[in-house]
Amino acid sequence: MPYVEVKLLGRLSKEQKAQIAQGITEVLHRVANKSPEHTYVVIDEVERENWAQAGVLFSDR
Amino acid sequence: MPYVEVKLLGRLSKEQKAQIAQGITEVLHRVANKSPEHTYVVIDEVERENWAQAGVLFSDR
Amino acid sequence: MPYVEVKLLGRLSKEQKAQIAQGITEVLHRVANKSPEHTYVVIDEVERENWAQAGVLFSDR
Amino acid sequence: MPYVEVKLLGRLSKEQKAQIAQGITEVLHRVANKSPEHTYVVIDEVERENWAQAGVLFSDR
Amino acid sequence: MPYVEVKLLGRLSKEQKAQIAQGITEVLHRVANKSPEHTYVVIDEVERENWAQAGVLFSDR
Amino acid sequence: MPYVEVKLLGRLSKEQKAQIAQGITEVLHRVANKSPEHTYVVIDEVERENWAQAGVLFSDR
């Protein structure tokens, strides 16, 4: 019953989202025998202004 | 001090959000004696394009 | 396809966990017509030493 | 490799986000010697309609 | 700067964890050109008693 | 009503946890005028075997 959350900077196309979900689902099936039918992937696209590394927002880099 | 996060597909009306928050708060009070005053519920409405099952986005089903 | 995460302080009995999961699932079905079969509830029991309010750990209160 | 997620009600200015990220990064460096270069802070601004306390949405208070 | 959290039921071997992290990192690189060096994967192994589907704990199924 | 989750590798002393919670609470109060009384900090100590960068577990580095 894997539940996977992917947080990343900026926007993806719908096609990229579909490929990421498919790829991660395959990895969990191949490595840990997790049923694809019960694998969920959620993608969270975060604004550059809302994510910082080393105390600096990515929008300020 | 319960903190509850509800992720679901699509949009809810404000009335539905209010009833969900109230219902979950009551469950935690009744079952585990958690104080409503210290119970928080956050609702996260996820786009169908950002959630996949079995490697397929819900927007593609 | 709701996914619900409940974070709370301390431990629950297995019976309490079962009742919380059942109660939350019913609320989402009743209010928003979400299918119980596709509703997941995860419970995360947090140590009092790992949760703070107002800058003070609950283990220090 | 700290990863910090800050959820709060309403909107912040970009300047406030920058200061929060910087401040949290400094705290983790000073207290636990965590490398700023490997410290990430994500800020999630939640709508008042999507957060409840005591079963009441903040937009209804 | 992807940050991926994988929640799943039960335990994995260290070898499985390594392969899952590697596989997901490759998917994000291949599909969205995300730098492996900045891709983080966290695995959260949840007890069967703490996860429910359809209001029933997995430990009760 | 800020809710902050800090994920980090390895273990902290109780004293470090207290100082981190206090420091983050002060930052949110100073920068965004968030009430300490309504600021919550949760600390999640992740095993080195469960966190990877660049597809390699920290326990393998």
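Per-chain numbering from 1; labels A, B, C, D, E and F assigned in written order.
The rule is short, and it goes like this: contacts are C-beta pairs under 8 Å (C-beta built on N, C-alpha and C of every residue); 3 or more make two chains touch, one makes a residue touch a chain.
Computed from a predicted structure; not experimentally measured.
Touching chain E and chain F together: C, D. Comparing each option in A-C, C-F or B-C with E-F by residue number, the pair that reproduces over half of the contacts is C-F. In terms of C-beta pairs in contact, the better-connected of the chain pairs A-B and D-F is D-F.
Between the Cα centres of chain B and chain F there is a gap of 24 Å. Inter-chain centre distance (chain C to chain E, centres taken as mean C-alpha positions): 20 Å. Looking at chain E, one finds that residues 1, 3, 7, 24, 26, 40, 42, 51, 53 touch two or more other chains. Judged by the touch criterion defined above, the protein chains form a pattern that is neither an open path, a ring nor a star, and not fully connected either. Contact between chains, using the touch rule, shows up for A-B, A-C, A-D, A-E, B-C, B-D, B-F, C-E, C-F, D-E, D-F, E-F.
Contacts from chain D toward chain F in the complex involve residues 1-9, 12, 16, 19-20, 23-24, 26-28, 30-32, 34, 51, 53, 58. Remark: chain D residues 14, 17-18, 21-22, 24-26, 36-37, 39-45 touch chain A in the complex. Taken together, the chain F residues at the contact with chain E in this complex read 7, 46, 49-57, 59-60. On chain B, the positions that touch chain F within their shared complex are 1, 3, 40, 42.
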